[in-house]
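Have a look at the structure below before the remarks.
We call the chains A, B, C and D, going by the order they appear; numbering starts again at 1 in every chain.
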Amino acid sequence: MTNDLVRAGILNKERLVLFSDAVVAIAITLLALELPVPEGATNAEVLRAFGEHWHEYLAFLISFAVIATHWNVHHRLFAHVTALGGRLGLWNLLWLFSIIVTPFATRVLTADEAFTVPFVFYALVQVLAGCCLLLMQREIRRHGLRPKGPDLAAAQDGYARSLAFVGCFVLSIPVAFLTRWAYICWALMPVVSIVVRLVRRRRASV
Amino acid sequence: MTNDLVRAGILNKERLVLFSDAVVAIAITLLALELPVPEGATNAEVLRAFGEHWHEYLAFLISFAVIATHWNVHHRLFAHVTALGGRLGLWNLLWLFSIIVTPFATRVLTADEAFTVPFVFYALVQVLAGCCLLLMQREIRRHGLRPKGPDLAAAQDGYARSLAFVGCFVLSIPVAFLTRWAYICWALMPVVSIVVRLVRRRRASV
Amino acid sequence: MTNDLVRAGILNKERLVLFSDAVVAIAITLLALELPVPEGATNAEVLRAFGEHWHEYLAFLISFAVIATHWNVHHRLFAHVTALGGRLGLWNLLWLFSIIVTPFATRVLTADEAFTVPFVFYALVQVLAGCCLLLMQREIRRHGLRPKGPDLAAAQDGYARSLAFVGCFVLSIPVAFLTRWAYICWALMPVVSIVVRLVRRRRASV
Amino acid sequence: MTNDLVRAGILNKERLVLFSDAVVAIAITLLALELPVPEGATNAEVLRAFGEHWHEYLAFLISFAVIATHWNVHHRLFAHVTALGGRLGLWNLLWLFSIIVTPFATRVLTADEAFTVPFVFYALVQVLAGCCLLLMQREIRRHGLRPKGPDLAAAQDGYARSLAFVGCFVLSIPVAFLTRWAYICWALMPVVSIVVRLVRRRRASV
């Protein structure tokens, strides 16, 4: 019977993962749906139109990278999970909520002149998503939903990655009240992610 | 041969579930597609624009919760189903129809000043969806598409959840002819759901 | 090695089916995306707006039924297919093409006053889709991609269903040059489908 | 343990493939979403509206064929891959990026009078996608992610196909600075693809 329950658990987990993947796939594809199409009778005009909308194209690239990072961490997170349990489903739903809101937040980010409110809104959506990933990792650890083994390092890498992700977005919020260069906090994320992982590994090996 | 048929049944069931999941994933992600983007040259203007559209954002949150609840019940419903049969496919199709119509009903809900007609339309779509879930549960029980076992309690929980869901939406319809506070019937759903489940469990244990 | 190839074949078939399902799920969900939202300051105005757009809502219902029928036949078609082969992939691609075009054809159908050209365009898209289903069934039979057995009757039912489908849409084209009542040819489809299946079964039992 | 890792690898590969399929399915279905609907009070007007938008319809057909070709090559590529490794995930992500951008590039292609800039933009997106497919094939070969066997020929066919694909789009870029007939480079792709495969097979058999 235990075996049956485990099998049932795996099936449920797979359905949850496939459903989540479908939502993420739609959200990431919809990002490109409302990109402004550069128009112009001549090539110079088209190039100028491209240039005028650089803000929208940059926001698209940022959101593509952000959602891809989310999916990557989620992928590593669930790779060895063998059953659902605890509040895993709840945090996953809240995570999906923030993924679904991300294309909207992207449009808010580039809608008009105002900077701080759209920027903070976008950052808060990402902080929510990142916290959900951290909470899911805690549930998995706490309820023993993943067999211990050689993948522990991979799991810890995922944790470090999420921490760096959340940290950069949290930090960018107060900075956004001072300057538009708050975007740099977002750009630093890959660097911070690598540093955090190196520190964790060194500490683990000590 | 029986084994073959069962295996074929499982495959079919999986394809039905995956197809349903894809439809639900698209419907829930499309909810955010037409959210009004708050515009403004200053932060104060953006905040005011956010405030002016609170009705749309609230409707988005409601529909997100509604579709997530549907998916959750559907997930539990099919977790241990081993074959398709009876009119399961038909009710599932009708259920998908109401899911597909939900983003449209959400836009109807917030389109303009009028209250009763949009509200009743939205409620009727959800009553349709909820009834389909109840009918699917009846088909599964009647045709023995789920092996009896430890999951019976989970299945009954799903049934109670659907009953509470349908009950709240049905109740809200007459109330909507009297007052805009009919939304409270919808907000009460989680409470009603818990009460109904407690009552059922007590009765089961007596 | 044969076993390996078969396994590879099953995997490929599954990926083709899942990809097709995703396309169909998106197409059927997008149908509702551009439904006109009835607006009005009073309930009477909203009801009138609903009434004014009855053509669009009817076209939505037709296309929902059409795509659901396609998916149903496709589902039965591939239920027992064990490998891909012949031109199955090509016809499936062409079938997906007509599914993808169906939401567009639906909008064409209700765009304006003109009747014959939009109606014939829509019918041609469905004839194309139906013929692809028939061609897929021929490839499956010809290349022995489905083990013979108790499902032969189900397969023949699918074939009869597709024939009725194509027949009704083909017939509606000349009728559309005479009268707007050509829609009746489409409405007769469920009846024709049942008659064709009864005739085939009687012939099979003789 | 090795077996466990392989199993884990297969699961991950499947999730990557399913996620990619979902993205491709959405992108190919969205192509039809923004097709201009021909309007007109009379049949003649509708036909004329169809004719006026031939450029958009042609671009839709081209992009449908392009994305279908991508999916086809991707399908063959991953059919016998047993594990993820190297930079396979990275190139796959970049490939998905170019797929997601393709519907946008299609709209750019037909937005206005200008020819060279939109044409080169579209071609560059496809060159990016094609190069990602080539790089994925190199990673698979280099890291031995596919067992050697009878499928080598199929894999090499995929490689030749991608080479022809990239070659035609690269060639079309300088031609586009001279003449609008650069589209012919794209139309020649199926021919070039067959020639390249024949040459490779002859060389292999020598």
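FYI, a contact is a pair of C-beta atoms (placed from the backbone, for glycine too) under 8 Å apart; a residue touches a chain by one contact, two chains touch by 3 or more.
Just so we're on the same page, UniProt names per chain: A, B, C, D = TMEM175 family protein.
Note that this is a predicted model, so its numbers are computed, not measured.
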Query = Turning chain A (TMEM175 family protein) onto chain D (TMEM175 family protein) with a C-alpha fit: angle in degrees, nearest 5?
reply = 90
Query = Is the contact between copies chain C (TMEM175 family protein) and chain D (TMEM175 family protein) built from the same residues on both sides or from different ones, judged by whether over half of the numbers are shared?
reply = different
Key: Inter-chain centre distance, chain C (TMEM175 family protein) versus chain D (TMEM175 family protein) - centres from mean C-alpha coordinates, in Å   = 27
Ask   = CA centre of chain B (TMEM175 family protein) versus CA centre of chain D (TMEM175 family protein): separation in Å?
value = 38
Request  = Could you list the positions in chain B (TMEM175 family protein) whose residues touch two or more of the other chains?
outcome  = 18, 22, 26, 30, 33
Note = Listed in rising order, chain D (TMEM175 family protein) residues that touch chain A (TMEM175 family protein) in their complex are 1, 4-5, 8, 11-12, 15-16, 18-19, 22-23, 26-27, 30, 33, 89, 93, 96-97, 100-101, 103-104, 107-108, 111-118
Ask   = Which positions of chain C (TMEM175 family protein) touch chain B (TMEM175 family protein) when the two form their complex?
value = 17-18, 21-22, 24-26, 28-33, 35, 37-43, 45-47, 50, 64, 68, 71-72, 75, 79-80, 149-151
